[in-house]
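One structure is given below, represented as C-alpha cells, and several questions about it will come after.
By written order: A, B, C and D. Residues from 1 in each chain.
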Amino acid sequence: MTHTARPAPPAAIPPGILCAADYEALAVRHIDAPTLAYIAGGSGAETTLSANLRAFAQWQIRPRVLCDVSAGHTRVRVLGRAWAHPAMLAPVGWQRLVHPGGECDTARGAAAAGACFVASTLASASLEAIAAAGEGEQWFQLYFQAQRSVTLDLVRRAEAAGYRALVVTLDAPVSSPGRRAQRAGFRVPDGVQAENLRRYRAPDLPALAPEQSRIFQGAMRAAPTWEDLHWLLTATTLPVVVKGVLSADDACALRAAGVAALVVSNHGGRALDGVPPSLTALREIRAALGAGYPLLLDSGIRSGDDIFKALALGADAVMVGRLQAYALAVAGALGVAHMLRLLCEELELCMALAGCATVADIGAHCVSEARPC
Amino acid sequence: MTHTARPAPPAAIPPGILCAADYEALAVRHIDAPTLAYIAGGSGAETTLSANLRAFAQWQIRPRVLCDVSAGHTRVRVLGRAWAHPAMLAPVGWQRLVHPGGECDTARGAAAAGACFVASTLASASLEAIAAAGEGEQWFQLYFQAQRSVTLDLVRRAEAAGYRALVVTLDAPVSSPGRRAQRAGFRVPDGVQAENLRRYRAPDLPALAPEQSRIFQGAMRAAPTWEDLHWLLTATTLPVVVKGVLSADDACALRAAGVAALVVSNHGGRALDGVPPSLTALREIRAALGAGYPLLLDSGIRSGDDIFKALALGADAVMVGRLQAYALAVAGALGVAHMLRLLCEELELCMALAGCATVADIGAHCVSEARPC
Amino acid sequence: MTHTARPAPPAAIPPGILCAADYEALAVRHIDAPTLAYIAGGSGAETTLSANLRAFAQWQIRPRVLCDVSAGHTRVRVLGRAWAHPAMLAPVGWQRLVHPGGECDTARGAAAAGACFVASTLASASLEAIAAAGEGEQWFQLYFQAQRSVTLDLVRRAEAAGYRALVVTLDAPVSSPGRRAQRAGFRVPDGVQAENLRRYRAPDLPALAPEQSRIFQGAMRAAPTWEDLHWLLTATTLPVVVKGVLSADDACALRAAGVAALVVSNHGGRALDGVPPSLTALREIRAALGAGYPLLLDSGIRSGDDIFKALALGADAVMVGRLQAYALAVAGALGVAHMLRLLCEELELCMALAGCATVADIGAHCVSEARPC
Amino acid sequence: MTHTARPAPPAAIPPGILCAADYEALAVRHIDAPTLAYIAGGSGAETTLSANLRAFAQWQIRPRVLCDVSAGHTRVRVLGRAWAHPAMLAPVGWQRLVHPGGECDTARGAAAAGACFVASTLASASLEAIAAAGEGEQWFQLYFQAQRSVTLDLVRRAEAAGYRALVVTLDAPVSSPGRRAQRAGFRVPDGVQAENLRRYRAPDLPALAPEQSRIFQGAMRAAPTWEDLHWLLTATTLPVVVKGVLSADDACALRAAGVAALVVSNHGGRALDGVPPSLTALREIRAALGAGYPLLLDSGIRSGDDIFKALALGADAVMVGRLQAYALAVAGALGVAHMLRLLCEELELCMALAGCATVADIGAHCVSEARPC
C-alpha cells in the first residue's frame, strides 16, 4: 500500500460532476484503495451503512405547483447564528489521508461556501492551524480523553483559537477501522497524525486481568459518563453540542442537562453496526423533543434531496462526512466548496418544486412514506 | 455522437411485436444511444422513474367469470367529447430526434388510432404544421414563457390552428436533461429545434448577484404562479387542462380556479426526482376530488393493464409518453397507430376478463393491492 | 425447431430426483426449448406466474412436537368419493408435445398413484382413448365450444366414456401462447392435435367490422355466460366443477347455481396476467363460503409443502399442472406416478412434523404469515 | 470425494479473523466440499435456513450514550448454574467430519472459553470420551431411540459420565441429509461413526405394507410422543431440556410437564423446511410463558449482535451450531475457544453501546424493528 501513487490534486473541478454524489464516484481515482475502504466502509457487517441510505429512499417529496418562490433562500439560524444554508461539514479525522492540504483546505472550502466547519480532535492538522486557515465559523469536535486534564486542555485551546462551539462525540467509545478497511490493509501512514494529541502523553493503562473484558474493563473504563458531561458543561462557556444520539430518552436527558444542540447520528454507520438509521431516529427524537430545540442530522446525506427530507422530518441542519472527504480528495478546497454548492442547489430545487421558499416552510407535510416494495 | 447512423424507418410494422411495450425493446435499434438515454432516462437518481413502474406492479386485477361483454367497448368522454378509447398521447418535445417525420407523423398515427394528440410547446414541428398533419382532435401543450406576450401569442396561434384544449404543464419550471443523458453526451442536434419558439426573441435575463440562487432567483423567477394561471383562464376560451399535479390540495385549488381537467403526472420521472409515483398520487387526488371531475394519469403507462389499473383507481383517461416516441422511432405513423391499438387490445382483454363491458364498469373493486414481497 | 431431437424417454426414474420439483429441472433435457417455453411460461409479463410461487413462500408451517401420528394418512373425500391423497392432475392439453405416450401415459401414472386425472378438451388423445388407458377415476375438462351442439356432444361422450365429473374452465375465453413461447418460436407441431375436436367443423365466424373489437366482438362473443352454465347444469347428470375462479362473489354465485365444487385457479399464470395469486384468492373465497363446500386449489403447487399450505388455507385438494407435464416428459407414466408419490411424501412430512395425522387436522392454525423482507 | 485432501489443521489461529463469522468464510479451505454442503446446507429449499438469518437482520439495536458500564460483564445463570457468558455450543454430530480431534477438541475449546458443551447422541466420539476431554460443564443431547432400553442406557451412561443435563431434541423425528448435501455427494465416511450407538443393535423394522406411508407408518412409528417424554422425566434425575420448540402451545405444555428449559430452535433450518425463523418463534414463546422460565435460542446465531438481539427478545442464552463446526475445522480446540471469545466480545460491544452493563439490562426496549425494504 502506498499513499503516493495517486495523481496530484487537480487545480480545478473535473468535468462531468453533475451532482454532489458524483464526488463519490470520482474519488476512487484520487484515494488509494485501502484508504477508500476506510472512508467508504462502515463497522461490522455494514448494515447500518446501507440502512442509512435506504432510510432516505423510503421517503418521497411532495411537489406543489404555481408557488412563488422567487424570493426563496436557504438561510438558517443554528445556535443563534445565521448560515446561508443548512449544510455543515461533519468532523472527519486524518483528512491528510486523502489530500496534502488536509483539514486546512477543507476549512477554506467550507468558508468559501459559507458552511460551518467542524474540526476533529483527530484532525491531521492542529486545531490552531485549522482555525487560522478558515475564515468562516468553526466548531471543535471533542473526544473525551482518558485524562480530564487533557480534555480540558483541548477545550481551552479550542476556546483560545476562536472555535464557537464544542461538538462532543459520544457514540464511539470503542472504535477501530472497519472490517473492509482492515481487509484492505488500511493503516494510518506515518506522515499522518492526530496533530492535536501529539503533545499529550498517552496514559499508562493497567493490564486487564484474565477474567476482565477488553470492552467493559478496557475501552469503556475511559468512556465518558454523565458525570463527565456535567463537568464539561461547567468547564466551558462555549455551547456544547452532543453528536451521536439515536435515543429519544437520551435526547431529552441531554437537553435537560444543558446541551445546546444534538446531532442525531450513527457516525455514518461507523460506530455500532446494526443500530437504526439516523433518519428514523431523527423522527423519534423530534417527536419526543417537540419543536424549537436544535437538532442536526448526520449519517446518510448524499444529496440535497436528503437534506430536504432531513429538514422535513425535524432537522434544523445537517452534517456531511464522506462527501466532504471525497470532494477534498478530488479537488481540494475548491472541490469542497463546489460540492457544498451542488448540495445547496439540489436542496433549492427540492424546495422550489415543493413550494418552499424558506426552510421554515419545509415540514412533515412535504414528504410521504413510500410503500415497501 | 451522430444522429445519422441509425437505419431508415421501416415501411411497415416489424415482426415480433407482441405487446405495446415491445416497442421499447425494439427502439434501441432505431434511436442513437445518447438520444435513447435522454428519452428513457429520468431526472436525478431515477428513483421516480422506477417507482412509477413499481406502483402499477403492486396492484392486481380481479377477474370475473361468465360475464357477457360481447357488446363491450372502450369509449370514453373527456372534456365533453367522445373518444374511442382512453389512451392519449402525452406532449413529447423534439420528436424529430427519433424520426424525420417527427410530430407530424405521430399526429397522423394518433388520428388513425382515434387518439388525442397533444402537441408540445417544444415540438420540432410548428403547431400549425402539426395541426395540418393530423386529422384527429389535437390539444396544445403550453409552457408559460418568460414574457406574457409570447405566452399569449402561443395561445392565439393554438386557437387559430384549431387545437381544442390547452394543456399547461406546471411540474417542470426548472428542467434540464437527466444525468443519464448528459453522461451519454446527449445534446439536441442542430437540425432539431423548438419550432414554435423560433420567432420569439429570448428575453434578456439580469445577471444573478453572487448571493442569489440560480434556482430561486434564476429559473423560478420566470416560473408561472397562481396569478399567471388566473390570467390564462381569462385569456382563452379553450378549456385549460393542468398537467403535473401530484398534490390533492393543488388539485382542489386548480379545480376551484376553473381548470377543466388535471393530468396527474410526475413528468415521467423527468421533473423532480424522488416524488411519489403518479398512480399513488392519483388515488389521493381522486379521493380528495370525488367522482365527476376529469382526471388523466400520465407517467408509467407501459401496457393496457396499466391503463386498466389507472381507470380503476380514478383516472378517466391516460397519457402515453415514452411508448409514443419508441413507436414513432420504430415504425413512424404506422408504429404509433399500431402501438395504440395494442394498448387498447390489452385494455380490452383486462376489461373482458374482469367482467367490464365499458370503462364505467371499471372501479376500485376491480383491483386489489399485492402484498409487499 | 424440431420435436424429434430430444432423447427417448427413459425406461426408469433417472437418479438424482430428490423432490417433486426436481422434475422441473430435469425436464429441460427432455423437452425442446420452444415447447418448454410454452409449458413453463405464463401470459403477459408473467407477473402472476411468479406471484403464484411467492404467495406460497410467504406462509410458514408451524411445527409441533411429540404428536402421535403413527396412524396418519392423507386420505380425502372430494365429490363424495375417497382418494388416497389430495393431489390431482390438472387438465393439461397437448401432452404429446412432451412424450409420445401423451395423456394416456399420464392417466396410467395417475391411476398407479391413486390420483384423479382430468382429461383436457384439448388433449392430444381422444377422451375415449384416455378413459380406456387409465384405470382410475377420471374427470373431463370442458371448454364451452362456439356451437352448443358441439359442447353437448363432448358432454355426452364424456358421460359415455365413464368420466365422473365435468371440470368447466372459465378463466380463458381469450387465450394464446404466451410471449415467451411465441418468442421461442413455439407452435403445436403437425403430429399433435386436439383429438377430441377433430370431428367437429369449426364454425364460420363473421368478419369483424372496422370499429369492432377482436376481444369484445371477437373472442368474447363465443365466451360462455351464466346462461350457458345454467344450461350445462341441466344438460348433464355429472357433477359440474368450475375451474378458474378468483372472486369470492363469483364463488358464491357459482355455488348457488348448483356447481358441485370450485377450482380456485389463475390457470397457472396463463390466463390474464396481473391477477392475484391463487393462494391469496383461496383464502378470500374460503372465508366467503365458509366450511364444507369443496374447493380445489390450482396454480403454483410445486411441492408437498405447497399442498399443506393450500389445505391449511382452505383447500380440500389441489391440482398439479406443470409438474405433471415435466414428470411425463422425463419418465412417462412411471415419472407421473413417482412425482405424485414424492408430492405425497412431502405432504406427509409436513403433516407429521406439524402434528397432523389426517388432512382434517390441517387448518389455519398450522401456518403463519412471514414478514415481508 | 475424499476426506484426506484438506490441509492439516493449523496449530494456531489464522490471521485475518476479525469476527466470529469469519470462521465460516475460512472453513471452505478446511472442509471438503460435500461435507461443507452437509454442514452449511439446510433441508428442503433452504427457506428456513435463510429466514433464520433475515430474522436477525430485521431487528436494530438501540444505542445509549454516557452509561457507566465499566463494571459490566456477561455472566448468566442457566439451570441454576453460573456461566461467564450466554453462548453455548449446540449439539452437533459427527464432528470428526471436519477435524480429527472431533468432539473432544471442541469440548476442550468450550471449557477454555467457559462455554457449556452439549455432546450429541450422534457424536463421532463416545460420550464417555467427550466427558473425559472437557473440563467444563457438559450436557448430553438425547435422541429417543426406537428401543426404550437403548434410550435408558444412553441416559444412564450420560449420568454416569457426569453430564449435568439432558437436551432432548424433538424436531427431527424424520431426518436425512439435505438436498445440497445429497447433490454434492455427501456421505458419512467409513471412519466416522456415531460412537455412542455402536454397541446397540439396530431394531428389526417390520416391512411397510404397500398402502402404508414411509413417513407415518415408517419413521414416525418410532418417534417420541408425550408418553415417552413423561417416562423420561421420571427416569432421570438430571434436568431435561427440550430442543426444537417453535410453538407457544408446545412450550406451555412442556413447562407444565416438568421440562427444565426449552431451546427454541428449528434445527438450524435442517429439520422441516418452511417453518418460522427461530427468533420469531422466540418472541411468541416468551410472550406466552412470561418471564422467568429458561429459554435458549438456537438457529441463526452468527455474531454477538445476534446474541444481543436474542437476549433482548426473550432468550436467557443461545446455542451455536455451524460456527462451532467451522471454528473446529479451521483451528481445532483453539479455534472453538477463539470463536467463542469473539462472539462474547461482539456481544459486549453491543451491550456497552446499548448501555447494558449486564444481561439483565438487555430487554425489548433495547431493540426496534426495521422497516421492510
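Just so we're on the same page, a residue touches a chain if its C-beta (ideal position, glycine included) is under 8 Å from a C-beta of that chain, and two chains touch if they have at least 3 such contacts.
Just so you know, these numbers come straight off a predicted model, no measurement behind them.
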{"item": "Copies chain A and chain B - rotation angle from C-alpha fit, nearest 5 degrees", "value": "90"}
{"item": "Interface residue overlap between copies chain C and chain D, same or different (over half shared)", "value": "different"}
{"item": "Farthest chain (mean CA position) relative to chain A", "value": "C"}
{"item": "Geometric centre distance via CA averages, chain D-chain A, whole Å", "value": "42"}
{"item": "For chain B paired with chain D, centre-to-centre distance based on mean C-alpha positions, whole Å", "value": "60"}
{"item": "Per-residue overlap in chain D, given as positions that touch at least 2 other chains", "value": "372"}
{"item": "Residues on chain A engaged by chain B in the complex (per definition of touch)", "value": "16, 18-19, 21, 57, 60-74, 84, 303, 305, 344-345, 348-354, 357, 368, 370-373"}
{"item": "Chain D partner contacts - residues on chain A that touch it in the complex", "value": "44-45, 47, 51, 54-55, 58, 170-171, 173-174, 179, 182-183, 211, 213-217, 219-221, 223-226, 228-229, 242, 244-247, 249-250, 254, 266, 271-276, 280, 372"}
